[in-house]
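What follows is a pair of complexes built around chain A, which joins chain B in one and chain C in the other.
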Partner chain A sequence: MNYFTLPLEEWTNTFINEWLLPVFGGFFNGISIVLSWLVDGVTSTLLFIPPELFALLIALLAWKLSGRNLAIFALAGFLYIGAVDIWIESMTTLSIVLVSTVVSIFIGVPIGILSAMNGRVEQAVRPTLDFMQTLPVFIYLIPAVLLFGLGGVPAVIATTIFAMPPAVRMTNLGIRQVPSDIIEASQAFGSTSKQMLMKVQLPLAVPTIMAGVNQTIMLALSMAVVASMIGAPGLGSIVLSGISNVNVGQGLVGGLGIVVLAIILDRMTQGLTKKTAV
Partner chain B sequence: MSKIQINGLTKIFGQNEKAGIEQLRQGKSKDEILRDTGATVGVNQASIEIEEGEFFVIMGLSGSGKSTLIRLVNRLIEPTSGEVMIDGSDIAKMSKQNLIETRRKKLGMVFQNFGLFPHKNILDNVAYGLEIQEVPLEERQEKARRSIVDVGLAGYEQSYPKELSGGMQQRVGLARALANDTDILLMDEAFSALDPLIRKDMQDELLGLQNKLGKTILFITHDLDEALKLGDRIAIMKDGEIVQTGTSEDILATPANDYVSEFVKNVDRSKVLEASQVMRKPEVLISTKDGPRMAIRKMEEAGVSSIFVVDKEGRFQGVLTIDDAIQCQEKGAVLENVLITNIYQTAPDTPLADLIGAAVDTKYPIAVVKEGMLLGIISRVSILSGLVLGKEQEEVSNT
Partner chain C sequence: MKKQHIIPAAVLSVSTVLAACGNNEADQPAGAENEAGNEEKGELTIGVTPWTSTIPPTYVAKHIFEEMGYEVELTEADVSTIFIGLAGDDIDVYMDSWMPVHENYYEQYSEDVTNISTSYPEAASGLVVPDYVDDVESIADLKGREDEFGNELYGIEEGASVMDELRDLIEEYELDMELVASSEGGMLAQAQRNMSSGDPVLFYGWRPHSMFNEFDIELLDDTDEFFEEASVHVMAAKSMEESSPEAYEFLSNWSINIDDVEEMIVQIEEGEDEEDVAAQWVEENRDQVDEMMGN
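== the complex of A and B ==
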């Protein structure tokens, strides 16, 4: 089938090495500084809190958002994390997840709002999101490394790209599914489009947006192991070293840590979603 | 100047607006245009004038374009052509800013499915129109509380819409429209989603509010009985066109075409006809200054056994029977003392339906009284003939 030769590989490399890096190197450097400051800040804050106090705080929050069962599970989970001595790694993973999620929301929700307000934006955004979600994750690990080096920052970038689509999609969906009679009522009383967005559409979209945030967090956690391949510290690197040393026990220890974090975060955000539902 | 003046207002949905307009001008029907151009005619060259303080009802079945028409009035739907003058300025040509201003200051709206904001409590729902005008919190809550009282929902300020019944939700919808204190109320099938008993209550209350507040109301309904009950004037729509405009009596008495007369055929006349339309002038009428002798002679002349009595200003006093008149004359008593005063009285605008029961129970005809003055009387016979004959009876009673 090779009727003609498509030198996509050279083009991409030339584009990145001879144009993107020289021109935007400073820009990427800036992002890198900000993100690493964020990740380091969050990690050291999480580690600064005594583990016992942290476990207690999360358990209380879990109780408030979800109920007693989750609170008990959270305590048991953190007991496990302490017992297998992966506290530092767990907090590092948690901080990468938190930073990626916050970045995803800050970028994703406004894009979602724009695409809900404007059909053309939606037409452009939708295939981009499909592309982001279907492109094998490993492929954007490479430019992430090229542009941001190894470590926590490229991990946050790759995780954000992978985890952002639900935030965009669910924001768009949440705003679009506000019943038309409510939109009409708001219009009939003379709302400007900004008032309608702030006072009617967004408040009514909050439960759907929260469901998107929940998915974003879950996707971000699922990137932990993959991101460790580009030097992201945390639970993922334990699993990765378990794989490379054929050490099943080590893999299980790290893997269960991810599961514990996933369940706590998932149930807590689901509880929050329910609480925001009208 | 009319409060709302609609001139040649047309809405065509679909791609081929221009071709559709052209064909409408040539007088082609809605179906032909759909077949030839693929364009759907929503409203076809409608013209209406609504006066200040008038209760104007647009009646039509589903698909007649009535809901589109009311949305063209506040431009929730962009008109294809024609004009909608609100207090003399054309809403179809307004800038976005003026449109928003006009909606805020002049046009309140009530919706069939209420359109309440589920995330706001009743107080905030009602205050919404003022909130977006950036009226200070206390002032708008004060106004909202007042209109919540007006619609009889005091005490529910902190509830949420889903906690209320349909009828109560629509009261909230009405209160929300009233809180803005606009001159005009647009009501899109406002009571259609309510069950019949609650609907009747709401109709009565709306009429009461209208009397009190003097709003100009444009009301949409598919229910002819509702239209006849509420409307000062009614426009009947079919296929996007207005086929007849007039008062209830106009429409009942002289339907413009077969379509309207088919509609009107099943109307319950007892709900439409009013006391003043079937009453007749009493055969005999004396003043209390005349003595019993005079009364007896008048009754003999007319061949009746009782007579309605008024004072010299025409104020209703009671009924005098011939027996009482004779006794009175023999004993030399005063006429006022023998009058029968517990006569059933009614106002001239009472619907006939409300009088049937009284007409059956009472021995004497019903007195139609306005501000104490006797306008006429209604006997059992005149109620029956009013129901059967309608218009003819009305003409007789006017002569």
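== the complex of A and C ==
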């Protein structure tokens, strides 16, 4: 099948080494500094709160958003995290997940709105999202390091690429799903398209958008282990170390920590989704 | 039933290749070799880790095993998975086991896995800086200049025993540095990033590795002999001694020159085919190969 040679490998390497890095190195450095300041800030805030207080606050929040069962689970989960001595790692992972989720929402929701308003934008966005979701993660780990250096920052970037698509898709879907009779009614009352978006379409789309946010958080957590290969500290690093030493126990200790965080975050955002739907 | 038809066919094709190569065994007709009991020598699986240093010895061994009449399969996996495979007989040979880096795996599985030979001793490893970093010749020179390197030392994956060594090193030399764990690729990408902007960078390096050809870097003097001299070993499943005695005998005689390995790594990175590079080495070192094969 090789009718012609496609030097994709050389092109990409030349592009990155001779153009992207020298020309935009400073720009990426700037992003890197801002993001690492953000990740470090969130991590040290989370670690500043005494673990007992943090567990109680989350349990209360869980009670409010979801119910008593989740509150009990959250307390038990944090007791586990404390008992196996992975508190710092859990908070580090949580902070990378939170920052990635916030970045994903900040970029994803506006793109979702744009593609709901404009068919052409959607046509361009959809294959891009497919590409982002199916391209194996390992491929953009190394370029992420080249551009942003090792540590939490490339992890946030790689996680964002992987976790943003649901935020875009669900925002788009949520706005498009607003019933046309409601749209017509608000048009009849003379609403401008800005009013329509802010006061009709977005509020009605919130439950769907929240479902997208929930998906984004889950995908972000699932990147934790992979991200530790590019120097992201946290639970993933415990798991990776366990795997590479054939230390099954250590792998499970870190893995269960991820599960605890995932269940709490998942049920809480689901609860929030239900609350916004009412 | 089907398998029995395939194996003699494979042996036949291997012996044809042998005849074509014109080596000293080829004076026997292919048929006679089959009668001599060379058929159905069976299959060998070599475990391959995704490191540059694994490829040349693996392909050289594959080439020689095939000359001997084995069918060879390569299985790519992580080093811990390869040791599990060796212990469980899913993998027969692993050509690139680094000691003392892999000591922990070997200890865990030494009941079923044997450290059959030393591929090459004296594989240097230690801390590496770019050539353009002035006046840093040894590890001790780093003291007081940690901030130039961003107070970071880049290592490989968390859990590798060298990472503990690096932590001990930081403590012993009282360096104000943080060890950043990632992976071989992650570490080299970070090093490349710093070098592209001309910034100092400190990371863990070892030979044989193409990084010494690709970048202008130097290994820092390790005056206190902090890093144990590494050596590269061949690991074999103990069951091989019975199931594939000839291959086992060959492996126990195996050794290769570290410079040859590094040269092959460069050739492969420049785009040459692994099989060709290995075949060429075997041709050039036919005497050594014959000796290892016990001829």
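Some observations on this one:
The rule is short, and it goes like this: the second predicted complex is superposed on the first by the 277 of 278 C-alpha atoms of A that agree within 3 Å, B and C clash if a C-alpha of one lies under 4 Å from a C-alpha of the other, contacts with A are read in each partner's own complex, and residues count from 1 in each chain.
As a convention for this text, a residue touches a chain if its C-beta (ideal position, glycine included) is under 8 Å from a C-beta of that chain, and two chains touch if they have at least 3 such contacts.
Only a predicted model underlies this, so the values are computations on that prediction, with no experimental measurement involved.
With chain A as the common reference, the superposed partners chain B and chain C fit together side by side. When the two complexes are overlaid on their common chain A, residue A:L65 makes contact with neither chain B nor chain C. Contacts of A:V200 after superposition on the shared chain: chain B is touched, whereas chain C is not.
Contacts of A:A155 after superposition: neither chain B nor chain C is touched. In the superposition on chain A, the chain among chain B and chain C reaching more residues of chain A is C.
In the superposed pair of complexes, A:I182 makes contact with chain B only, with no contact to chain C.
Using the contact criterion defined above for the overlaid structures, shared-chain residue A:A55 touches neither chain B nor chain C, since it reaches no partner. With chain A as the corner point and C-alpha centres for all three chains, the angle toward chain B and chain C works out to 150 degrees, nearest 10. Contact with chain C, but none with chain B, is seen for A:S237 once the two complexes are overlaid on the shared chain. Touch criterion not met for A:L221: it reaches neither chain B nor chain C. Between chain B and chain C the least C-alpha distance in the superposed model amounts to 49 Å. Chain A residues in contact with chain B (one complex) as well as with chain C (other complex) do not exist. Partner chain B is touched in their complex by these residues of chain A: 181-182, 184-192, 195, 199-200, 203-204, 278.
Residues 78-80, 83-84, 104-105, 108, 152, 154, 157-160, 180-183, 185-187, 189-190, 192-193, 196-197 of chain C are the ones touching chain A in the complex.
Against chain C, the residues of chain A that register as touching in their complex are 17, 21-22, 25, 141-143, 145-147, 149-151, 228-231, 237, 240-247. Contact residues of chain B toward chain A in the complex are 74, 76, 100-104, 107-109, 111, 113-119, 128-129, 131-133, 176, 180, 186.
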